[in-house]
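Notes for the one structure printed next.
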Amino acid sequence: MIQERTKIRVRYSETDQMGFVYYGNYATYLEVGRVDVMKKAGISYRKLEEEGIGLPVREMNIKYKQAALYDDEIEVITTIREMPDRFITFDYEIMRGDELLITASTTLFFMEKGSNRLTRMPQKMHDQLKPFFS
Amino acid sequence: MIQERTKIRVRYSETDQMGFVYYGNYATYLEVGRVDVMKKAGISYRKLEEEGIGLPVREMNIKYKQAALYDDEIEVITTIREMPDRFITFDYEIMRGDELLITASTTLFFMEKGSNRLTRMPQKMHDQLKPFFS
Amino acid sequence: MIQERTKIRVRYSETDQMGFVYYGNYATYLEVGRVDVMKKAGISYRKLEEEGIGLPVREMNIKYKQAALYDDEIEVITTIREMPDRFITFDYEIMRGDELLITASTTLFFMEKGSNRLTRMPQKMHDQLKPFFS
Amino acid sequence: MIQERTKIRVRYSETDQMGFVYYGNYATYLEVGRVDVMKKAGISYRKLEEEGIGLPVREMNIKYKQAALYDDEIEVITTIREMPDRFITFDYEIMRGDELLITASTTLFFMEKGSNRLTRMPQKMHDQLKPFFS
């Protein structure tokens, strides 16, 4: 497996009038987390797109335990547990100190940009991830 | 059960550079859908909050089948299948014409604002929903 | 000149913890307004992009008079006062009933997609707008 | 005057289908910048709100010179040039390395939460800012 931790400061724009982070905005925190775990393996999502591969989300599940508040420093812990093939699954915990706020998972697929068709993981990305799953 | 249909025009701000609606923005469409299905039963979420009751989300699950595009007219079909008690579950389909884009569900709980504690559904809301579940 | 009025219902996601619409989210309402005023002249912004022309914003000015609140029905009144040339300026008022919430203006330019270079307004768009400025 | 520099990594959620940061999302970057320049003077915006003072925006002006792109590291340089009284004005530059992307300014006022009325800057905040303007 491969895991990365990302610190994020909650922005005012991310709150709603209940005084919590708006429930849909956690999807953005998850995105930041998964970009970071890929960077840890030497994979730039930006470059992946420039080379014609997109990673659309196919499924997202979020459990909300506690709400994040404005100006909180939270930490997204992102894990890839299994070597991806046509799909790649990320698991997440969002913490505020020792307190668990969110558990979540997302599954994404590899898409050929232009045709928008399902494709395989690029060989280079495969080689970069492989050492973490042996 | 109770069901409502809500038409939404996709805004430019809701797209991302992949050319699709950003995956986190569907949460907003779901919110619009569930406010509308409550309105159908005579329940104003705005008033609910003014009377001291919030409805935070406890769980969200989304399956992405097809991407919505800029300027698409999509339709959120929101259903409450079971009479809510302490929790209220909404099921959703998002369509573009006959094409299914999204299936989703969210579970929310009743929260006493101020104390932020779990509470019961207000009696009035119970009475407004009851006729749909007999 | 050409003017269009667009009704918008404020979404929960657009509020912040002050209980108002987040100040940055009015930019989205302005976008919805200017797409609508162009539609009135028979111009589809979506098609414009498909034909290779983008309309990036070069300048935005907003004066906030009163705050929009959750579930408010607001109206964006969008006006093009002068026949556009290389630049196109939209003026906006956002109202809640008779109450003026926002005055704003944005200036956009025509950009050739791909090269990202400044370009002229397409001839067809010129012809569609011309009748409103005589 | 008082000035602070804040580094921000552009998120995927902040882009739009033109491939740039959506023009309305810069307002969030400005918010992050002004919270940081206040922190430099020892002022916590979060505490300010907890003590009953809000800082709504009264006016925003943005000039867009160059677009920020996904995954760019940008820097918000936020400056308070004049000792605030009833109003507080922030000037901004957003840079990508040596390249100027954005110039902007926002004027905010002090609002008593609850009554939503214009009020004076709190004495403590006055004392924290005063040393920077002599």
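The first chain written gets the first letter, and so on, giving A, B, C and D; residue counts start at 1 in each chain.
In this text, a contact is a pair of C-beta atoms (placed from the backbone, for glycine too) under 8 Å apart; a residue touches a chain by one contact, two chains touch by 3 or more.
Remember, predicted model here, so these are calculated numbers, not experimental data.
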Decide which interface, C-D or B-D, involves more C-beta pairs in contact, and give its chain pair.
C-D
Per Cα centroids, the chain farthest from chain D:
B
List the centre-to-centre spacing of chain B and chain D in whole Å, with centres computed as mean CA coordinates.
33
Between chain A and chain D, what's the gap in Å when you average each chain's C-alpha atoms?
28
Whole-Å distance, C-alpha centre of chain C to that of chain D, is 24
Where does chain A touch two or more other chains at once, residue-wise?
12-13, 17-18, 20, 22, 24, 27-28, 31, 49, 70
Within their complex, state which residues of chain D touch chain C.
17-18, 20, 22-28, 31, 49, 54, 56-64, 67, 113
Per the contact definition, I'd like the list of chain A residues that touch chain D in the complex.
9, 11-13, 27-28, 31-32, 35, 44-46, 49, 70-71
Which chain A residues qualify as touching chain C in the complex?
12-13, 15-20, 22, 24, 70
